[in-house]
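Below you'll find the structures, each written out as structure tokens.
Here come two complexes built around chain A, the first alongside chain B, the second alongside chain C.
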Partner chain A sequence: MATEIAHGGIGASVKRKEDPRFIRGKGTYIDDVVLPGMLYMKILRSPHAHAKILSINADAASVLPGVVAVVTGELMAAHNLAWMPTMSGDTQAVLATDKVRFQGQEVAAVIASDPYLAQDAVDLIEVEYEPLQAVVDPHKANDPGVPVIRDDKEGQTDNHIYHWEAGDKAATDAAFAQADKVVSLTTHYPRCHPAPLETCGCVADVNPATKHTTIYMTSQAPHAIRTVFALVTGLPEQEIRIISPDIGGGFGNKVPVYPGYVVATAASLLLGKPVKWIEDRSENLISTGFARDYHMSGELALKDDGTMLGLRVRLISDNGAFFADAQPSKFKAGLFHIVTGSYDMPAAHIIADGAYTNKAPGGVAYRCSFRVTEASYLIERLVQSAAYELEIDPVELRRKNFVRKDQFPYLSCTGWVYDSGDYHGAMDLAIEKLGYEELRREQAEKRARGEFMGIGVASFTEVVGAGHGKDYDIMGLRMFDSAELRVHPTGKAILKLGVKSQGQGHETTFAQIVEEELGIPFSDVEVREGDTDNTPYGLGTYASRSTPVAGAATAMVARKLRAKAQELAAHLLETRPEDLEFERGKFFVKGSREHFKTIQDCAFAAYTNLPDDMEPGLEGVTYYDPPNMTYPFGTYMVVVDIDRGTGEVKVRRMVAVDDCGVRINPMVVEGQIHGGLCEGYGIAFTQLITFDEAGNCLGSNFMDYLLPTAWETPNFEVYETVTPSPHHPLGAKGVGESPTVGSPAAYVNAVIDAVAHLGVRNIEMPVTSDKVWAALRAAGVDA
Partner chain B sequence: MLPAAFDYVRPSDLTETVQILAQRGDEGKLLAGGQSLIPLLKLRFALPEVLIDIGRLEGFEYVRVEGEQLRIGAGTRHAFLAASPVAREHAPALAAAAPQIADPIVRNWGTIGGSLAHADPAGDLGSVMIAANSDFVALSNRGERVLRAREFFEGPFTTALAPDELLVEIRVPLARGRAFGSYSKLERKIGDFATVGVAVCLDMDDGTCRTAGIGLTAVGATNLEAREAEVALSGRRLDNEAIEEASRRAADAADPTSDLRGSAEYKRDVVRVYVQRALKQAGGMNR
Partner chain C sequence: MTTQHIEVTVNGTTHAADVEPRQLLAFFLREQLRLTGVHVGCDTTSCGVCTVLLDGVPIKSCTALAVQADGREIRTVEGLEQNGTLHPIQAAFMEEHGLQCGFCTPGMMMASVALLESNPNPSEEEIRWALSGNLCRCTGYMNIVKSVRRAAENIREENAVPVGAGEGR
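What follows is the complex of A and B.
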């Protein structure tokens, strides 16, 4: 719904400023960084999921011509760098010293003059392993006789990581005691991987004379990474510079620090030369941050009329060999306790336990705000089941229990304060655009003919834009963000941000905020990010937080500059600031519209002609700590047709109504929604990281880990409602993740809806044709 | 994903190619479109000492009728075949399969001969060649010999070609009556290997099936022939009874394994469903 408007401020669907360089192949990604004398690193990885390392022999590798160094865990340990901290308060091996704990774990690294030679040398390193029993099933991780994976941790006697509860157990038990009906669903949100098209990598450059360290890195959070590096290595923080150039997709995968970064930096320090490390596709899939892997059991207590009374959830998270979830430190299961979703739920209780297994660590928020995706999936699937059990239309059951518009701000039973919403409005629009009633008639006719068609619904509520910093942090760093704005004498501006775009369109969207607030055309505003020496401190881009936090900081700093510009305009117009009014880059004398000064006039005056008592320049910085999260929401509806012979699912339609408050660039927002709906499709139908009994990863390349293409995905029909956030300076909410959070349940619910009359209540993701076929045949449907 | 070192030679014609093969065929690999070989090199699963690049040989890409045969140059790209009106007229199963192979990039680069000689049991074309009762022409500096498609595939990635031999031409016999051909493929996404593929070639005389060929993809150690199903159809009217029997026998001929694409039981049932659908289509019946 891009509309033509005369300015480039809020609401203008202007084309993205960054696209010409990307389209022409002129972006600078990490592998484009080439430094004089640069060496190349390749990593040797474990073929076993769980094995003792008996010996490492690098003699043959070391003498291969072109090889400069072979780095092992022993060498890293000598520098106290064999282990590093994770984002969830655990430790992770940088290079294995004692044993390997997942297939693909980093064991040694070769530094050579050429990447091909480095790979040749990696193949020459001989490692003697003593294989141990692999722990693959988190449900059995603490059974008697199962080996302890983390025997490196003092006092660790089993594979249990954490126990965490939220909500009110007594109130929830009381609610269940009054229920007419309890509906339950046990489901696994399977392990998947963000799989950004650009894999992870870095170029570490430690100057041998000054010891200043510059690391070019594909990082979504360069400032936080610098602080972590300073803490881990003991290097002075001001001598570390992280430069995050153009990023080819992040989706949460590029938030953590990976062993490769640490080894490359240590190697550069030891060798006095720049060291480049670029992962290949398999390395990215088998060793870097995975997502999800939540085994969930939900129970919903209802009255016969469909009124929801309470919700119980028990879950086991499969965290892999190191607890490395990217999440605020207060919460062991991220923001999962948003699980009551869009419903006015009187009581809820959540119990979560984490399990170590012999799998890669991660638990990153893959296009997700810290486990809200798993929560949204569970409640939306559970509500759908309840609709079938109570024989109430799934739409009606939702409408009956939605938090009403007049209840906002709404305090949920697990402690969230939903800022604003109109759930019925979004649902009504989705029903209208889909033609829900007509499709239900078609479904009934097809059913009578033995054809299978389903209509899926999901009405999600997201929680994005962390902080408030009091409650949300990353490794202790409060989740604020920042913006620094300088307007130059000619009226052109540079905006520097603590966040970091990976494709979200920051260079355009944030320039538009400046235009909206200050009247400088967005094309005159250059947005800079990603260089810790040249941008203000910030926590980075993930969990849909850039617009809620850095967007607010941008608006606030622009307003600061506007106030000063108003004083300059008053000076130029020989009047008082309060006698002026501002409109789109011009300060008018009230009641005398022919007398005005432009923001460009004011900028020039700030450096050339200003009051004696005024500080020169037009520049400012704002650090913004949001008072609350933002709560975007929406209703997604999906229509599927199923081939009764093969079980193939064809998604015929996908209608998405999103409400993310005020949209700054509606076209950019729609692009985000298309991307997220596509990834949601992938998660629902094709993308799976799984393991065999020995712990071998079965999704280690794009032949096995299937990303959807334009061929598989449907035409997305996207619509909006606009319910501004009351606490955000622009009324905006985050949006990049809503479609990934909301859509998997809608897709799966559509498949279930097609076979619900056969008694089918669950098919696990990814919903592949063989699973649908099995459900059909089990219900006696033949072809 | 960085290949190990190798030598590279690019012969200018077939004569030079077979000379090089005679010398280095044992240690070398032929590179045509590279769509299977290059990934194997990058994964270091293939470690040839020399790559013999035949991707740019002249006169190696053609689809034409000669006598009672459709002749296809082994260097013909999938996209060329997919666009060929001659193939569409004379080899409908082949024409149906060509646009279903992998994705547009693979079809623009990959060659028919390369795909067949690679002998991936999940490759689509082998089943079509089996169903169509094709012959393959192999060339070496010892001379030329003709191999039957049904005897060509000896195991996964293993063929009847000798190390010094090069596949140069595919010969598809033309139908005497009405040629019916189809290729049905189940894949998880575009560009994926088949979960199951079924090629059906019928030589029809009115409603009666003169001869039948059925080839199966990805349900055995090689592309398979569904011999018993073919026998059940020969000389028979395509009625429901015949169709049921043939599709059941074709499913029996499948020997799939369970994996992430589905259980063996599932794959066998998809063979049955696909054969049934193809035969119903050939017989002009509704599904």
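What follows is the complex of A and C.
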């Protein structure tokens, strides 16, 4: 809970430093960037999901007044830029040359003096297509006679992408042989889209004389993007500068490189003028990083008393036309093998296969640490089903199997080392705050009256904060992060980070870490991010890694500076450093509290009065490679009421207990939890990107792709337990994604709980009224 | 392309301009007047980040034409602060942590201002309904609702000061 603390260090809910510009409408988002002589780019996209391109005629478009250039795949190919690498080791078309592979794929681009004219010209480009059969069902993608989507790839004879396994098959088979009961669940975590309210875009500015390239870009990972750009274009990396301005939400959508960025940069290089490209909403939803789309079958082996013995998972991922999942390169299904969740599972085995389909590429970690959401959803739904089959209370079944507090650090059967946890503690608090027993009584009474009420539970364990770099990399780049801190003579500081906020409040919370470690008030610490020329190299903000990795780097660099400041204080106090003790910005002479120097005194001395043998200045940089991931956890409980006649689901309560270790700014943490619980609500009940059999996207705008509004979003009751991470310098674990990872299962479990006595075990997300209505009718309930 | 002459009062200043009939109001405000607090998020009147007040009524400026604003009065987020004093809705959004990435915030505040001008003491339900045309992906709306309630309280308190007691206000 937010509390008042006299300082601005860790635990203080100080107001955010970024707010004054945002509440005045003075943020600088990508579309606010205007450069002299800037041109505007619009993209022509494929109306077909799968078609050969027979011809492109841009004659009429080219001669429209105001049009400067029309770019096609042919032109890009002439510069060896028609294809680019993806983050999963595949390739993706920048502009289509041979055929289009999903509806909305980039085919050509127009650069004009005005965005309206650019769009007019796009409409004048004539493309002749020969439609091909669209592959939309990943289960049938490798059936005989199905066209090969990726016929551009040598040796690719079907639509299979990867095969990946984790865990121990023999041990799992042995566990299943001992089982009294095997409970199974087949479910689809549907395709959805992060849909930040600001779409993606860039302004590419290649200096015609020097060829120095500055790209303003909505990027969550500007440094990694710069390296990718250098590799793709062959431009020298030191001559590329990526600047991420204020970002209007990211949620994973703004991690990848999109074709529009590459085309705009190429166009600026060819034309010698800045080129702006801003997606519209439909372009964002149909072409940029989608999320999820996992078809999962899980089996859980148990003893009659509820003891879990083993878990088997078989999954097919629908990856679209290009395998572009944003994930560490060693893991083809992300970190899905965290699927044993919060349970002391003796054995597990996971088999995953990927399928190409004629859909947009993506597979981004939408408010999720690389497929952890899918894993958490599956295990929590499966455990709920097991509770009904064994007639054990869902809470009791979980409690019986939780990893116990005394088992941490806990080595899971799929190889994870959970750093710390108190799963029973979080569960107990949720039960108390919800009033679980009383609600079960109410449910029984209502059930007797023919009313439908359900209580859903999910006890998630996340794995976030990648790396360590030995095991986790993005396209070979180890997943460390960095912080550079300079304290100026007046005692004011600038902190530069390799990560990039998209609303998470880095300018405030990272300044608070500096205050905690150095005692410089957070208001005196300016946080800079997003400019690759002026910040240390880092892998970026996604997968809840900023606090676990860059937060640790910040603490470590501040400690380096504190050690030097202590030497300066000793110099000023004419004593030895070891005779001093530090407390909130002051170095005291031990046993003589009236003799001290402030950190500001030390900073001034670093430039004006320092020992002869000391290097001037008070500045440092730390690159932090975490020794382990962090494992946030919690228990969420949801109460729903279902209208017997219409199937409408009303969420009455949502109690969320989160344990993300030590909270730096509790106000900011709670805000993130609210947001994630809302997005989880959207995923569970409203958000769906789906396709018809011709591969037409049916979620291409906000009238079809429904995001929750203030009206239907429930109120959230949020609580915390605090189990510090033992290996993080501050004990923090990261929180931005826990609520999106944990909550969908809690919402859906609540709906299932309302109808479980009728034998219903599954309703697919999004759980819309019509699906609930159908489930009620199928179970013989009259309206 | 032919243009049409319009005169629009924006945040108290009248602007004369020649615009294409097809030019969207959001584009006019952003590109011609450089009022970039007006954001664009969906192009289909769904998300509300482009919300401005047209003669006091919240509209989605991404689906209104600039020519429709001819002879009328528009208020945007840039007009909320007066003489260096934040509007109570701005102060409340900051106090209650009603924003994160800030992209929905200007539209959200303009819709809130319109609500509070017609209903100085809205219930939670009334606030949620009034803001249901404005999407937010970061906050889960709880702190936005709190912000609007707090602004309402602060405005009511301010207005409750007896005449004469607030000399020079």
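Everything that follows uses one rule, which is that the second predicted complex is superposed on the first by the 783 of 783 C-alpha atoms of A that agree within 3 Å, B and C clash if a C-alpha of one lies under 4 Å from a C-alpha of the other, contacts with A are read in each partner's own complex, and residues count from 1 in each chain.
In the analysis below, a residue touches a chain if its C-beta (ideal position, glycine included) is under 8 Å from a C-beta of that chain, and two chains touch if they have at least 3 such contacts.
All of these numbers come straight from a predicted model, not from anything done at the bench.
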Broader residue contact with chain A after superposition on the shared chain, chain B or chain C
C
Return first, second, both or neither, reflecting whether A:Y29 touches chain B, chain C, both chains, or no partner chain.
second
I'd like to know which partner A:T768 touches here: chain B for first, chain C for second, both or neither.
first
Looking at A:Y116 after the superposition, I want to know if it touches chain B, chain C, both of them or none. Which is it: first, second, both, neither?
both
One more residue to check, A:T690. First (chain B), second (chain C), both or neither?
first
With the two complexes superposed on chain A, say which partner A:N715 touches: chain B (first), chain C (second), both, or neither.
second
Output check: A:M703 vs chain B and chain C. Expected answer is one of first, second, both, neither. What do you get?
both
Report for A:R281: first if it touches chain B alone, second if chain C alone, otherwise both or neither.
both
By the touch definition at the top of the document, which applies to A:E648: first (chain B), second (chain C), both, or neither?
first
Based on the A-chain superposition described above, do chain B and chain C contact any of the same residues on chain A, and if so which?
116, 280-282, 703, 707, 709, 711
Of all residues in chain C, which touch chain A in the complex?
20, 22-23, 30, 35-44, 46-47, 49, 76-78, 80-81, 86, 90, 93-95, 97, 99-106, 109, 127-129, 131-145
Which of the residues in chain A end up touching chain C in this complex?
15-16, 18-29, 31-32, 116, 194-199, 246-249, 251, 280-282, 502-505, 667-668, 670-679, 701-703, 707, 709-711, 713, 715-716
Could you list, by residue number, the parts of chain A that touch chain B in their complex?
42, 115-116, 119-120, 123, 280-282, 645-648, 686, 688, 690, 698, 703-704, 706-709, 711-712, 768-770, 773-774, 777, 783
Touch list for chain B against partner chain A, complex
1-5, 44, 186, 188-193, 195, 260-263, 266, 269-270, 273, 276-277
